[in-house]
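To start, the structure itself, in structure tokens.
As written, the chain order gives the labels A, B, C and D, with residue 1 at the start of each chain.
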Amino acid sequence: MPTRKENSKDLIDLLRRMWLIRAFEEKVSALYAERQIVGLLHLGIGQEAVAVGTCSLLRPDDYVFGGHRSHGHALAKGADVNRLMAEIAGRATGYCGGKGGSMHIVALEAGFVTATGVVGGTIPLALGAAFAAKEKKQGQVAVVFFGDGAGQAGPFHESLNIASLWRLPVIFVCENNGYAEFTPLSAHTKVERLAQHAKTYDISSSTVDGNDLLAVRTAISKALGKTRAGTGPVFVECLTHRLRGHYEGDPAKYRELSQLTQWKSKDPVARFTRLLKSKKAITDNELQAIESEARSRAEQAAEFSLSSPWPAEEEVATQVTADLP
Amino acid sequence: MPEQTYLEAIRAGLHEEMSRDSSVYVLGEDVALGGPFGVTKGLSEGFGVHRVVNTPISEGTVMGLAIGAATAGLRPVVEIMFIDFITLAMDQLVNHAAKLHYMSGGQLKIPLTVRVQCGISGAMGAHHSQSLESWLAHVPGLKVVMPSNPADAKGLLKAAIRDDNPVIFIEHRGLYRTRGKVPDGDHLVPIGRAAVLREGKQVTIVALANTVGVALAAADELAGGGISTEVIDPRSISPLDVETIVESVKKTSRMIIVHEAVEKGGIGAEITATVQEHALYYLDAPILRIAAPFAPVPASPSLEKQFLPNQACIVKAVRKLFG
Amino acid sequence: MPTRKENSKDLIDLLRRMWLIRAFEEKVSALYAERQIVGLLHLGIGQEAVAVGTCSLLRPDDYVFGGHRSHGHALAKGADVNRLMAEIAGRATGYCGGKGGSMHIVALEAGFVTATGVVGGTIPLALGAAFAAKEKKQGQVAVVFFGDGAGQAGPFHESLNIASLWRLPVIFVCENNGYAEFTPLSAHTKVERLAQHAKTYDISSSTVDGNDLLAVRTAISKALGKTRAGTGPVFVECLTHRLRGHYEGDPAKYRELSQLTQWKSKDPVARFTRLLKSKKAITDNELQAIESEARSRAEQAAEFSLSSPWPAEEEVATQVTADLP
Amino acid sequence: MPEQTYLEAIRAGLHEEMSRDSSVYVLGEDVALGGPFGVTKGLSEGFGVHRVVNTPISEGTVMGLAIGAATAGLRPVVEIMFIDFITLAMDQLVNHAAKLHYMSGGQLKIPLTVRVQCGISGAMGAHHSQSLESWLAHVPGLKVVMPSNPADAKGLLKAAIRDDNPVIFIEHRGLYRTRGKVPDGDHLVPIGRAAVLREGKQVTIVALANTVGVALAAADELAGGGISTEVIDPRSISPLDVETIVESVKKTSRMIIVHEAVEKGGIGAEITATVQEHALYYLDAPILRIAAPFAPVPASPSLEKQFLPNQACIVKAVRKLFG
């Protein structure tokens, strides 16, 4: 439930954003299956509520950092659909001219500073952006998305310590989807809730249903109140699940079918749709229009990408340093 | 001799050493499930999850743990999933694994094997494609091997596990499905000996890991053009079999080194420096290095292709030596 | 107060061990001042109760790991005085033939596996020895000594997680002496008690007065009961203080004089002496004999060391790998 | 021109850049108190502890934090107390600082300076004495400089801070007290240009950091014996001023490279490989490297002395080239 009154238009817009991500990633998945896109792809299908719930509350000049599963985070922060898809497809028109790829999205114009292929790698980077924001005194915050698997890596802990010590305006958004690759969280740690680590540092924290868009928004909204006010970091743990394998091509045999079925019933897009319908905030026609608009934008992005040129040969060794062409 | 893939040969090597010696333990992310490439598949069923141990994503500490276990008598085999993440374990590897035997005046031995997968394959981008072997070869106390075929993969892995020193066993992801004959029985390849894969008289190509196949193909092409090419796979880059390489160059008078790591500071530099020191007066032309451009690895498959040293570059470079 | 009845002989022996360390380090300090010993020396004067309180309860085949300030840990575990001092003095007769030095003591015969110059660096190593011990099922434990400064380093946190997850028989002994180099703990973390981190992982823990020998022994004795029984790791935080600078030569101007005076009054050697005297467990003569015996052993060690040969020139590149001569 | 020590020159460089540009921040362990060597002494008084920031012992995260701050417009100067501990920050340095400009297709810039102290001095042993510069020079996207005197220390540091790329500024602890003239005013030394410190005709000695002084002394001694020696300090090892070095060798026909890092895989290998490629036909003798033995750094002062490349070795090696 929203904490402050959200009007229907706002709510419908949130659904639209989730649908955009869903349609985008389903298209990416289809293109991968057709070998039109290659590489190592980690999709966030099933986790859209975290991305949208968080980024829909951010300012354009807030800094967002992601990881290997961050298409949705970038889109939610406002990255351009075409340039993002083109980047994943390795084309010259992509955000990074094809040099980055799926795990390494940078969409600076949208405030999506960087993703990374290193689990937990951007957590310290977000601290740095928060450090700069604090010095600049413009009320900006930094947000970093990472998974439960990052919670056992040293940099995560070093970062919680420094963020709390220096009261940095950073929001840690942990997408606890219960798995790191093929093994459940219980095989990685005895700490069931990663928010527990925040408590150790006296960092304000909460654990929410990450498939409930409004629950995420409520938590992030509270977090922003604190971080923008300068009282230091906040930790939001979102319990969620990826509905596809770890990477495209992973048959995910390690996951119980019953578990998958259960999580499918909590699909954040369908769930939020049900909510809107139950509140009579949306009509079936509107719903269909949203889905088909999302799908057509994804289709257009695919067309844009696949008809874009490959990077020029010589690009292989340009932009190595900032002073070279 | 049965045929096996590179991946199967590694798995067989692990299996044999774990059977032979109960102090061999395998640790790494998802290894009990086979890992993302399936290399360790089946081992946990055979040897139990106490010997094939899934770890959290804590590369540095897992490395340190393995070193500590080695001081206490085990022979751990640690898997670092991508060499890009060995950056997180460099402290333990360099400050402890490599140095403790020396620093303790011989009191401690660190019989540790680090299996790590490297290189370019599948457009994975800059964080999953690096070749960092020359860092490791710069560290006294580490041995570093890079097999290019199934037989060497198995034989070097078994030798690494039996070695009383930390050995970095670097697998190239692009080779996992390559097939080749693997000798039956307890096949061991001594660490520190190069393999002359093709004899030739006019030019020596030294190639590593994934580029060995490319070099052999180039040699075929060159033979067609009348150039007799010797191809050497060092297999171990630390220690390096200087003698075999130098002898070859003394015979051929020309050398090309091929590797997938960037040229600057790559192992090709060390090989070049050593060879010119021992065989300068035999050289009819400068030693050339064919390697990656000085850039991170791009994600786009079209750029990735540009990034890789290929047969055409090698052939062209060799021709240049004769030009 | 001891939890189980300790007879006077035992108690006197403990005092003797503390005195040996004190006299040894005072001699090292004097030799450093005379430039007879060079290098980067970190003395544990004032922290002897932690080393002795812990190691006096260990089995010879238990594994002990230390750090940059570990002369005392090695001695407490039974390292030979002569070979230890010779190592610090860089002589061929030292434990490591002069190759290790003050920060890198290895005295394997005594079960002192290794120290390190890397803050926090041996914590993972101790996990490894504990892992091996668990597999060997001989009831051995691993003990690692480290400072409060290591508590903000990633490997410390990764190690607590793995130790708890795998129930490793390891005892974490944190010597919280309030400073990392020149800055107080409060400049490094908001977590006042490092034992708090253990709680996050449900690792049994306690914080004790590290200058109270018997308090340390009580905590370690309980810890050993648990680790040897196979219930997993234990964390013991010992509050203490180094009475000298961070390294020999550090004037320690960052430290308030009053603070130093206060800690001097809690000197663990003097304090334990007072206890024994108050219990009439020791006579003045015995006391004097203990001190002078310790001093004379330290003198002998100095003589042994300074009259020992330097390592042979060719030793510079031997023992690089285990198969070379 | 006033005389300053190397340490004072670095401090002055920091001071000037912090005054000039309010986006310059200094972060490191105990930096607000001057650090163990006193390099940053006085800065926190002048600029406040919000710009001269003591950090916890968390090298990896502090490096990452600085990179993140750089993406957001600051120009951080991070101090890693000993290069031995850069092993704990390699992931951030190599995977993020070095690559983000490229990987983002130019969207991100990382104007980061990493001050790090290296080398042998004072019998500190294997964990406080390493020379690991060649690792860093193998990483595309990083610049690496190693000043050998106070003027270069100041000028290169100021250039590093103004550079839009990550620059690793490697200080040699053994040089902190060396005195030398430092030009007045806004003294900048361009990154990537070698200095010819002594002109000569018969042999070129390329030396780095602490070994430059030793090389100059050797050149004096050789001059006494009638050998005219050119001494070059590359100052920057990435990018490397290939032209200056190659031109020198074309003139002298002989080259020796001296550094304190171990020979195998050291930067001397890269310099050798490059020079032979461009000037093979000018060489009258093999290029020789004078460097540390392939071993960790021993703690004993007597062994430490053995470990260091010294004047006698250099002179002997040069004579060998003429032998």
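Quick note on the criterion: a residue touches a chain if its C-beta (ideal position, glycine included) is under 8 Å from a C-beta of that chain, and two chains touch if they have at least 3 such contacts.
The shown structure was predicted, so the numbers you read here are calculated from the model rather than taken from an experiment.
*Asks:* Pick out whichever of the two, C-D or A-D, is joined by more C-beta pairs in contact.
*Replies:* Taking the two pairs in turn, the one with more contacts turns out to be A-D.
*Asks:* Please identify which chain has its centre, taken as the mean of its CA atoms, farthest from the centre of chain A.
*Replies:* C
*Asks:* On a C-alpha centroid basis, what's the spacing between chain A and chain C, in Å?
*Replies:* So the centroids are 46 Å from each other.
*Asks:* Return the distance between the CA-based centres of chain A and chain D, expressed in whole Å.
*Replies:* Computed from C-alpha means, the inter-chain centre distance equals 40 Å.
*Asks:* Take the average of all CA coordinates in chain B, do the same for chain D, and state the distance between these two points in whole angstrom.
*Replies:* Whole-Å distance between the two chain centres: 30.
*Asks:* Averaged over CA atoms, how far is the centre of chain C from the centre of chain D? Could you give it in whole Å?
*Replies:* The separation of the two C-alpha centroids amounts to 36 Å.
*Asks:* Can you tell me which residues of chain C touch two or more of the remaining chains?
*Replies:* In chain C, the residues touching two or more other chains are 94, 96, 98-100, 104, 116-118, 152-155, 158, 161, 165, 188-189, 320.
*Asks:* Could you tell me which residues belong to chain D and also touch two or more other chains?
*Replies:* Correct list: 56, 58, 60-61, 84-85, 88, 91, 95, 102-103, 125-127, 140-141, 294-296, 298-299.
*Asks:* If we count contacts the way the header does, which residues on chain A are in touch with chain B in the complex?
*Replies:* 38-40, 90-91, 94, 96-104, 116-120, 149-150, 152-154, 180-183, 187-189, 247, 254, 310-311, 313, 315-317, 320
*Asks:* Which residues of chain C touch chain B in their complex?
*Replies:* 63, 65, 94-100, 104, 106, 108, 113-114, 116-118, 121-133, 135-136, 142, 154-155, 158-159, 161-162, 165, 319-323
*Asks:* Which bits of chain D are touching chain A when the two form their complex?
*Replies:* Interface residues on chain D, with respect to chain A: 25, 50, 55-56, 58, 60-74, 76, 91-92, 95-96, 100-110, 140-141, 143, 163-165.
*Asks:* Okay, in this complex, where on chain D does chain B touch?
*Replies:* Checking each residue of chain D against chain B gives 60, 84-85, 87-88, 90-91, 93-95, 98-99, 102-103, 125-127, 132, 134-135, 137-138, 140-141, 238, 240, 261-262, 264-270, 272-273, 276-278, 280, 283, 285-289, 294-296, 298-299.
*Asks:* For chain D, which residues are in contact with chain C within the complex?
*Replies:* Going through chain D, the ones touching chain C are 29-30, 33, 36, 54, 56-58, 60-61, 84-85, 88, 122-128, 293-296, 298-303, 306-307.
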